[in-house]
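Both complexes shown next keep chain A, but they swap its partner, so chain B is in the first and chain C is in the second.
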Partner chain A sequence: MIGSISFMEFAWLIPFVPLLAFVIVGFFGTKFKGGGGLFAVSCALFAFAMSGLVAYEFFTGSGVPYSPDPIQWLAIGEYTLNFGIYIDGLTCVMLLFSSSISLLIFIYSIGYMSGEGKGKRRYYAEISLFLGGMLGLILSSNYLEMFIFWEIMGVCSYLLIGFWSFKHPDGDEASAAAASAAKKAFLVTRLGDVCFMAGLFVLLWSFKSLDFGVLFDPAEIAGVDGGMILLGILLLFGGVIGKSAQFPLQDWLPDAMAGPTTVSALIHAATMVKAGVYLVARSYPLFVQNADAMLLIAVIGGVTAFIAATMALNNMNIKRVLAYSTISQLGYMIMALGVGGYIIATEMAHGDVSSDGYTAGVFHMMNHAFFKALLFMGAGSVIHAVGTEDMRRMGGLSRKMKITSFTMLIGCLSIAGFPLFSGFWSKDLILEAVMEPSSHSIIFVLLFVLALITAFMTAFYMFRLWFMTFKGRTGDASAHCHGESPKSMTVPLVILSLFAAFSGFFIFLGLNDVITFSVIGGEFFVGGHGHSAAYIMDHIMTNVWTYVSIAISLAGIVLAYMMYARRSIDPAMFNADGKSRIYRFLTARYYFPQLYDQISLKLGYSVAKGVEYVDENLIDGTVNGLSNSVIGTSGSMRKLHSGYVRDYASFMVIGVITIFVVLYILVTSGGV
Partner chain B sequence: MVDIMGFIDYVTPLAPHLILIIAALVAPAIGMKSGKATEVFMIIAGVFAMIVTGYLMWTGYVGEFEGLYQFNTFTGLMSLLFLSVFILVAMMSSAEGRKHHGEYFALLAVSTVGMMLVCAAEDMISLFVGLELANITAFALVAFKKNDPRSSEAAVKFLITSGLSTALFLYGMSLVYGFTGSMSINEIIYHMAVTDPSVSYMVAIVVLIAGFAFKISVIPFHAWVPDVYEGAPTPVSTFLAIGSKKMGFVVFFKLFLLLFIAVHFLSQIDDPTAAMRIHELQWVFGMLAAGTMIVGNVVAISQTSIKRMLAYSTIAQSGYLMIVLCVGTEYAMATGLFYMIVHVFMKGGAFIVVAALAARGLGENISDYKGLSKRAPLVAFAMLLFMFALAGIPPLAGFTAKFFLFSSAVTPDGTWIWLVAVAVINSAISLYYYAKVVKTMYVDKGTTSERIRISGSFKLAIAICAIGTIIIGLYPGPVLEICEAAANAYIGGFKEWLFDFHSELFPPIP
Partner chain C sequence: MIPIELFLLLSAVLFSIGLLGVLVRSNGIVILMCIEIMLNAANINFIAFASHSPEPLAQIFVIVSIAVAAAEVGVGIAILLRAYKVRKSTNIDDLTTLRW
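Up next, the complex of A and B:
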């Protein structure tokens, strides 16, 4: 608090101003120069500054979560629905990285989208809404509020991924791809949203409220049936699977690459997919009520991390490789949170509730935000320069694009877990957290092995990307490159590369204490052991697994170097020139797209067709036949000419009799 | 001396109805020159009737007309709803009202009065009169495009299905009269609540359900809906979708919701076993609700005509509303009323967009909407709002309405959780076909980029619906309060009557 002004009282402005930007740019964007880009940027700047002030105030304060009495949105029946804010360490960390990265992406957009013309208004309006949705979600104080912002982001991603559906820079085919990708993203995440909404009703029914203050109160939790809590958290996690692209709903994210690269950066680094991880982190007091559920979450995270990494191994599209890496890293985060929750759930009875898993998951989410934003914007800079996304046509770009190649290198080192870069610290913490409960179950050992293999693959495919793009022979598309991208694009890259390199050190500057979860008035407390920097350092440096993970990531980098820079190992050796079964299996993304199509299109559509057939022929046909026989103008009939008045009457009688029989059976059998 | 004040007091319960009837009689009689003038005249009459209704509600007026019709907060709210439907439909009727505009608007007004009378009816006969007034005028409206065979065909279908529905209703009514000996709705409900379910009792109930199931398009009585909506002039389809159907629901509320409440109430004050008697009936409603949602949503997916798609979506919405009847609480009724109000704006808005574009020569297939966002950006945006609202995307009103409605079924005993699950899954399915329209408008490339400009009254009507969809979504409090007050007034009044009536028949032993 500075003087008597409390910034936290005005925290609602953080999502409100970007939402206002959406309205203003959306309606009056054409009146602004540049389609309202500068206006959107200044609103994002405000959100960032305000987040900084709020975080500063929180961290210098007592550390007690700030949640003023919410505004009562409605009282319906016995339930009250509120709109409020909830600020604790987790909120502040999320606010800071979301708003700062979004701000940089907004600035970068000014350069990247400069050629868009009139579409700019729509673009800036929609990304402002997106940012407002994410910040609102972070600040929410109850699940309904969260769900509303969650859905706003869903709609935004639909509109933004389909942004290039009219005129994609890569031509008509890409436009169609953009359109179908948008629809897929919307529908697949919607599957998760249904679970989320059903979860809302389960929790509402069990707790008579959706406010965090009630749901996280151990006394309240104790009064609710454990089975209902389990159902509630599984349904909430269903929402996470959709939003954060976890197995088996991971497939929409790579397709969502059809949108502008800035949108990908926004979705992958700062917003959207992080919302799912945030939901898990935020719901921890509920989630840790069931150890088995947490184990399931950890396993899903681990499996996602692994299969997404394998799919990235042989992909040729620079953005898709990054998309798979996002899914894989999200899997890491979910796995860390699941493992941490498992430990808490099993040890809660002993009164000792602490785990590194929580810290590791949130810490990795933050680091990932920085390096993934950097990687996407770097990729955007490359695509902007060479006009293609195919890595085979790039190569040798480091000479022409010095800043981009250098900053991308930092991003790759970071995600690969190269010592001292940000990804190293959080990935190491995650690996350690996964090993922690290995005495409980063999599953954790398997997860650890999966995580290690994933780490190796990550290092390999990221450097494969870097070497293919920036080193080696000059590709045919690289020949057209006219040099480095404009300042508005390179400056954010440089800023982000600083974070990507050094954000890991935040853990020594007290971040450990910041990523905490405490409930007002409750006993529940996660994270923040107050370990000193020396203790953490000592802990990491004396652990043998640290060196194993370093060795593994170095091995991945070296292998990529041999294969794609020095070309001393021929990639064809492994894939039989792209003909091997595994290679095709990976290229086909484990046949997940086909599976989705089979289920959603074939099955769904044929069910719809079948019901329609019955409806049209059996029911409609009779009605048509009826009117036909009465009016006598068969010329006006388009449909099947079957059925007469008696058919129709008998059909009605059947309806009446059915209802009667059902009712009669129910009554005479003594009720349901 | 003529007692003018006395006369005014006497007719006050029917004041809004009278205003509209007078306007309906005057309009064709004076024969205004243009359709536009008649339209404006009728809209002014409608707004005036709304103001009177609003004033009566505001003063908390409760009154009766000869024991046949009643005015209270509930009938007031429903009258406001039907009057706004009337005004919206009048606004979009410029094309239909060009020829014979006097008759067209008069029919529309009289049909609206019929619906309002149904809401106010306290007696089976007056209910029947209102119902037929609304129906018979609607036949003429559906057939109003005389030269279009589709319109005539739709009218015949509508006439016959309505005829069947009426016949069933009359039959059920006569049976009910047979074993209750009364025409007053309250007394009938009382007798039904305290009678053990015999076979004839069940026949009466089933026939009554079937009769009105046609009106609210519950499966398996829904088949006429897509054909009639497709064939009728679009404003009339709108009128049927957002008006007539609600009248059917009001009848269901009047007969069955009150029956459930009566049984529940009586079991509390007297007979503890009474509550069991209606449990089965509620289950039947639950099954009908689930079936209606599923058929409506699933068949809507494969529709290519936007009017048929909207028709099936209307069927699905009926399924959602049926939840109110299953749950049978005061709060459920309030959320049902809220849903009805929101439905007027979102479904009405979607139909108005279709009518506005059709008036400019755009086809009524979904594929005709390709590239609409370039040709008519604001109209396309409004349509996007309506589609997302219907699909239940927050923060639009459709989400709020669905959330309230579904949460009303989350009762402490958990009986209807399965129905909530079906409803939630269905609302997810529905997104598929709503998103398809949005995709067609925003994503698909159109064959032409020629601008479409729609006329002023359409613009106004669309704007009203869009603003309603957004505002009620963000700030549902006041509207929900009115709905709660209406449900409270209606059910509370009924319970009071029930208590008195019951004590009179069975005086407590001193």
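Up next, the complex of A and C:
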């Protein structure tokens, strides 16, 4: 706190200012020079600065979650829906890396999107909304608020993936692909979102509230049926599967590469897919109520990490390799969170427990944000220079693009888990966390092996990407490369490469005490009670598995070097010149797109048929029958109208006489 | 004093003549006249009862009824005049175009 101003009271400005930028740039972008780019950047800068101040205030404060009385939004019967902010260590870490990376991406966009002309207004408006959505989601104090921002991001991802659906630099076919990729991303994540919403209903029904303050209260949790909590968390995790592209809904993310590279960086590093992981981390007090659910989550994470890594092995598109690696790394994070939750869930009843898995997952999320943003922006720089995404047409670019190639090398070393780079620390923590409960179940040993194999594949495909792009013989596209990218693109690369190289050391500089989750005396604590830096260092350095994982990632790097730089091993001998069955299987992405198509066709078509039958026969039948009977009746009735006055007069007279007679009979018979 | 039944009989006869006229005649003017006869039959009823009662209400009602009848005839004649301009006839059997 500086003076008497509390920045946390104004934390709502963090999402509000980018949302405001969306409105201003969206309506008046054409009035700005450069389509409002500088305005969007300054709003992102504000969000970053504000996040920094809030985080500083929080970390120097008492460490108790800050959640002021929320604004009551709706009151429906006994339920009250609120709008508020919730700040704890996790919020601050997320805010810091989301806003800083977004800021760098925004700056980079000024160079990357410089040729867009009128489209810039839409672009800057939409990325501002995207950032606002992410920051709002991070600061939300209840699940409904979170869900709203979650959906805002869903819409933004749709708009931005399909940004080139009107006019793609690569022609009409590419713009049609962009449009369908956007639709796919929207619909597949929608499947998850429906689960998320159903989860909200379950939780609202069980807890009578969606506020974190209520839901994360051990006393409240104890009063709710465990089955309902299990149902609630599984449905919430359904939302995570959609948003964070976990198995089996992982297939939208590679297609999402159809958008501009900056958008991919935004989706993969700072926003969107991180929201799913964040949701798991945020909901930990609920998730740890059921050990089996956490085991399922860990297994889904491990499977995702593995199959996505296999798909990256033989892909030729530079951005798609990065997309698969994102899915794979997200799998790692989910696996770490699942394993950590499993430990807490099983040990919670026996006393105080804290979780390495949580720390490892969140830590990896942060590190991944830095090196993945770096890799995507590096790839964007390459694509900007050579005009293609096909790695076979690149090669030998390191001489022409020194900054890009060097910064990307740092990113690759980091993601491959090269010692001392950021990815090394978090990946090792994850591996260790997965090994921790191995005495409970053989599944964890399998997960550990899966994670090790994935680590090997990660090192291999990332260096395959780097060697194919920057080393080897000069490809036809890189022959007419026009040199290094502009300053607005290289400066963010350099800044990010510093973070990608060194962000791992944050764990020794206080982060170890921030991103922890512990149960002490039956209460949940985020932050505090972490292991000391010396303990972590000692643990990593004396663990034999650390050296195994280092050896494995080095082996991957060396293999990639032999195959793609020195070419002493011919890649063709592994895949029979791209004709082997497994090669085609991987290229076809395990036939997941076909599986989606088949399921949605069979299911969707039969549902549509049923709906059509009901519509045509039941609903239309009722309406038509009603109108036909009215027409028929009136058709016969209109014959009565002759138009002759005397006919009407006669009817009247007859009517009056009839009434008179009836009344007379009634009166005389004494009925009335 | 003349018994009230005679008045009622006269009134009933007049009303029946008027009703028959409305139902069987096709000339608009004659129909209007028949309606007048029916109204006056009702007026005779009122007056007959009024003479057997101290209340002045029935007499007032008759005066109102005569005024309404005058207005009604005014409107009726005006409609017939317009119809005559269009159709060159006051025969209401010709005025059947508004049926369905």
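Basically, the second predicted complex is superposed on the first by the 592 of 672 C-alpha atoms of A that agree within 3 Å, B and C clash if a C-alpha of one lies under 4 Å from a C-alpha of the other, contacts with A are read in each partner's own complex, and residues count from 1 in each chain.
By definition in this document, a residue touches a chain if its C-beta (ideal position, glycine included) is under 8 Å from a C-beta of that chain, and two chains touch if they have at least 3 such contacts.
What you see is a predicted model; the values in this text were computed from it and never measured.
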{"item": "First, second, both or neither for A:V662, with chain B first and chain C second", "value": "first"}
{"item": "Partner chain(s) touched by A:V23 [first = chain B, second = chain C, both, neither]", "value": "neither"}
{"item": "Which superposed partner A:L420 touches (first chain B, second chain C, both, neither)", "value": "neither"}
{"item": "Contact breadth on chain A, by residue count: chain C or chain B", "value": "B"}
{"item": "Chain B versus chain C as contact partner of A:A551, first or second or both or neither", "value": "neither"}
{"item": "Footprint overlap on chain A, where chain B in one structure and chain C in the other make contact", "value": "649"}
{"item": "Parts of chain C lying in touch with chain A, wherever the complex brings them together", "value": "19, 22-24, 26, 31, 92-93, 95-100"}
{"item": "Chain C partner contacts - residues on chain A that touch it in the complex", "value": "638, 641-646, 649-650, 653"}
{"item": "Partner chain B, residues of chain A touching it in the complex", "value": "73-74, 76-79, 144, 147-148, 151-152, 154-155, 158-159, 162, 165-166, 175, 178-179, 182-183, 186-187, 190-191, 193-194, 197-198, 201, 204-205, 604-605, 607-609, 611-612, 615, 619-620, 622-624, 626-627, 630-631, 633, 635-637, 648-649, 651-652, 654-656, 658-660, 662-664, 666-667, 671-672"}
{"item": "Footprint of chain A on chain B - complex, ascending", "value": "149-150, 152-153, 156-157, 160-161, 164, 168, 197, 199, 202-203, 205-207, 209-210, 213, 220-224, 226-227, 276, 279-281, 283-284, 287-288, 295, 298-299, 301-302, 331, 334-335, 374, 388, 393-395, 399, 403-404, 406-408, 410, 412, 414, 417, 420-421, 424-425, 427-428, 431-432, 435, 439, 442-445, 476-477, 480"}
